[in-house]
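Below, subunit A partners subunit B and then partners subunit C, in two separate complexes.
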Partner chain A sequence: MKQESKIISYTYIDAERNIVVINGEKVFETENLDIKDFLTKVYKTLCDSYPKFYKMDIHCKLGYLLSELLLESSGNRQKGIEDRAIAVVNSSSSLCSDIKHQASIEDNGNYFPSPANFVYTLSNIVTGEIAIRNKYYGETISYIHSSYDSKYLKEIFDLSMVDECNNSILLSWIESIDTTAEGIMFLISKEEGKEGVNVSEKELDNIWQKLKNNK
Partner chain B sequence: MIKIIGDGIISSLGISTEENFQHILDGKSGLRLIDDESSSLDPYYSSLVEKDNLSSIVENIDKYTKLEAMSIASILNAVEDKGIDLGSKDTIFIFSSTKGNIDLLNNNNSKDLRIRLWKTAEIISKYFHNENEPMVVSNACISGVSAQILASRLLKSRKYKRAVVVGADLVSKFTVSGFQSFHSLADKECQPFDKNRVGLNIGEAAACIILQYEDEKSLNNDDIIFLDGIMKNDANHISGPSRTGEGSYRCLNHLLKNTNTEKIAFINAHGTATNYNDEMESIALERAGFSDVPVNSMKAYFGHTLGAAGVLESIISARALKEGLILPTKGYVEKGVSGNIRISDRLLKTNKNFAIKLISGFGGCNAALLFKKI
Partner chain C sequence: MEKLINDLKEQIIEALSLEDYSVEEINADEPLFGEGLGLDSIDALELIVLLEKNYGIKLNDPEKGKEIFKSIRVLAEYINANRAF
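What follows is the complex of A and B.
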């Protein structure tokens, strides 16, 4: 019998609330840091050195940290593989970087568009950052949806697995705008012999509700 | 099998697939010099759509933004006279764009829902009274190809019977200034794969392709089938292509599971006419064994239409395959890439039945589609 796909592990960061959660357990917490400082603090405290981190915009920093903590804590990095998809979903695309770029071009008398910022005005760059870090050659894709929606996430997972090239996926909801930067990332696998919870719409919803209610 | 049952294109070259295709056969380009301070401090070459040209096509056009009107018009062109019910429950809309209604963004309106792509998609699918929640993909310049791949998966898993895939993007100060900051815009009409190429032109367009699941028995001669699609990442750099063409090479290699290079009429490459992109593609194509297969690029007809490119160029390629034609690469004169590839420089006839659309984008993403003529 075909084994059900499993949620092997998940990470959650709410930069506004200054918390990091891995598999339901709060592993890091500070107080009163703004979102940018908090993300830098998480990087310095919990992650290996990766200087490219400092170049990233907020959106990518958040996605990068979620992936680093997820892959490292679960021991599933498997550098160089081609059968792991990366899919991110969010509502506002790259609006933080869009606003920054817009500010740099709005006034013809004060015109200073920067390529280093412009590249981050695409919502899929975060998938590229994670692929580069881990040398994942599989598919990378960015979806836009109005809110965290477990039914939608399950559908995205199912769609990825229609393609036999994909055996596991980093599936993520990452939303950053103004003073908010919140995201969750799941590692889900259909490989045999993996331990975890069967993936379902209900499970994806339960996990999210618990994180939201756990003040 | 997944069949193309309709397609439509709104671009500077015309407001139907037919018009666009005819103009390409006539060797016309939609590119011209734009001197307009509202989109750029310096003049630039681009291909633009006039919203006014769509007012006789789109009902209550004043209710819609330019991007929405273009998208709706491309769908109307795709269903024209075909009696396809787009409001039915077994039809899903998939919208793909890099920046959507980005022309609405200014420094005070970041809360405006209409700059959210999911809202734009909702407005478009509501026009056709479709109640299903549309799916939205924003995957840099491969968006339009990613959307077709997702459509094919939805149809294969029988969740829907047909998928309306739309790709659309605008030329605005936002994108023009960004590409200018990268120094990637050419100061003339672009010249894909040419020795004297100096960069790309951006263009705007909306294109729609309607895919439907069909039994093999119900297919007719000359039907065009979406046979396979694949996405791979370079895992190399967020804004520069891999020197070895890694992602594109892996995509091309994958497609050879369903065909072989001798059966392929042509490859429609991304061919943006930037130094790096065209060089990368030539290497990927040679590595994957495609040195003898004609390669073309459509960027000198339309410019680089960003999220629309994957749909627009698939439609033109499918049409060429149907007619048994290999289109020339406008702007190309002399080979200027190191990979051993054969660039199509004139209109040729073919009796081969397969064609490939190849594409890549920022974030290291690459994708390829395989179309087959029955």
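What follows is the complex of A and C.
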């Protein structure tokens, strides 16, 4: 009998609404913090020390926090996993850092591009940050898509699992621009004996709709 | 010199996003790279930009960086001797 792949765990952060949800349960909430301050508060309150966090742009901070909380909550903290992929989907790519970079180079008389900002002007950097932190050696990939789309996410999952080197994946939608920073990350595994919900387009949609409607 | 060292500490904290550090916690004689603040290669580039932006010093020889980025005190001495403004 074919083993169904399972959603082992998921995390959700909406920095605009100042909430963190793990597996459907709101685990952290503040009020009236802007996006940057909220993400820093989550880091300081819920995560282990990792000074590089402060150097990341908003997009990477969001992805990093999603992965940290996901791995801690699911008991999947072990490092050096060679068969785990990371796939991230978003709409605005690295626009937050792109805009900052543009501002630093548009005046010829005040031309001081920041190397530390420039390194974040690619949307796939977040996958590298997570892979480096956890010493993952599997596939990492970043997609641009107009909005959260459970069908699209399921297709990405299916494609990733075609490669027999991959047995699990951190699959994520992470969107950040201006006053918005919202993301969800799933840990999905095809290994036998794992507990969780069977992964399907419908389930990926149900989880998202519940999070969006839970004001 | 002490004022320049303090200014540098503040500028480095800001430019390198060292939010875990305060001016008081940074030892001016500790190595900037490897140990001490544990800076990396991107930080080195950021320090080169800081030198040009804040002090008008253009560092064209990367080898020079190894010498002047030894510590904040060494960096301050170099700025004092070479600053354009």
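Structure notes:
Methods note: the second predicted complex is superposed on the first by the 215 of 215 C-alpha atoms of A that agree within 3 Å, B and C clash if a C-alpha of one lies under 4 Å from a C-alpha of the other, contacts with A are read in each partner's own complex, and residues count from 1 in each chain.
Just so it is clear, contacts are C-beta pairs under 8 Å (C-beta built on N, C-alpha and C of every residue); 3 or more make two chains touch, one makes a residue touch a chain.
Just so we're clear, the structure is a prediction, and the values are computed from it rather than from any experiment.
In the superposed pair of complexes, A:Glu129 makes contact with subunit B only, with no contact to subunit C. In the superposition on chain A, A:Tyr137 makes contact with subunit B only, while subunit C stays out of contact range.
Once the two complexes are laid over each other on the shared chain, residue contacts for A:Cys47 go to neither subunit B nor subunit C.
In the superposed model, A:Val119 lies in contact with both subunit B and subunit C. Subunit A is touched at more residues by one of its partners, and among subunit B and subunit C that partner is B.
Of the two partner chains, subunit B is the only one that A:Ser146 touches; subunit C does not reach it. By the touch criterion stated above, A:Ser92 is placed in contact with subunit B alone, subunit C being left untouched. Looking at the shared chain after the overlay, A:Ile81 reaches neither subunit B nor subunit C.
Subunit A residues in contact with subunit B (one complex) as well as with subunit C (other complex) are 113-115, 119.
By the touch criterion stated above, subunit A contacts subunit B in their complex at residues 82, 86, 91-93, 95, 98-99, 101-106, 108, 111, 113-115, 118-119, 121-125, 127-129, 131-132, 134-146, 152, 158-159, 162-163, 165, 177-178.
Residue ranges of subunit A in contact with subunit C, taken from their complex: 40, 49, 51, 54-55, 112-116, 119.
Residues of subunit C touching subunit A in their complex: 15-20, 38, 42-43, 45-46, 49, 52-53.
Within the complex, the subunit B residues that touch subunit A are 37, 41, 98-100, 102, 105-107, 110, 115-119, 121, 133, 135-140, 146, 150, 153-154, 156-157, 173-174, 177-182, 230-239, 246-247, 250, 254, 361-365.
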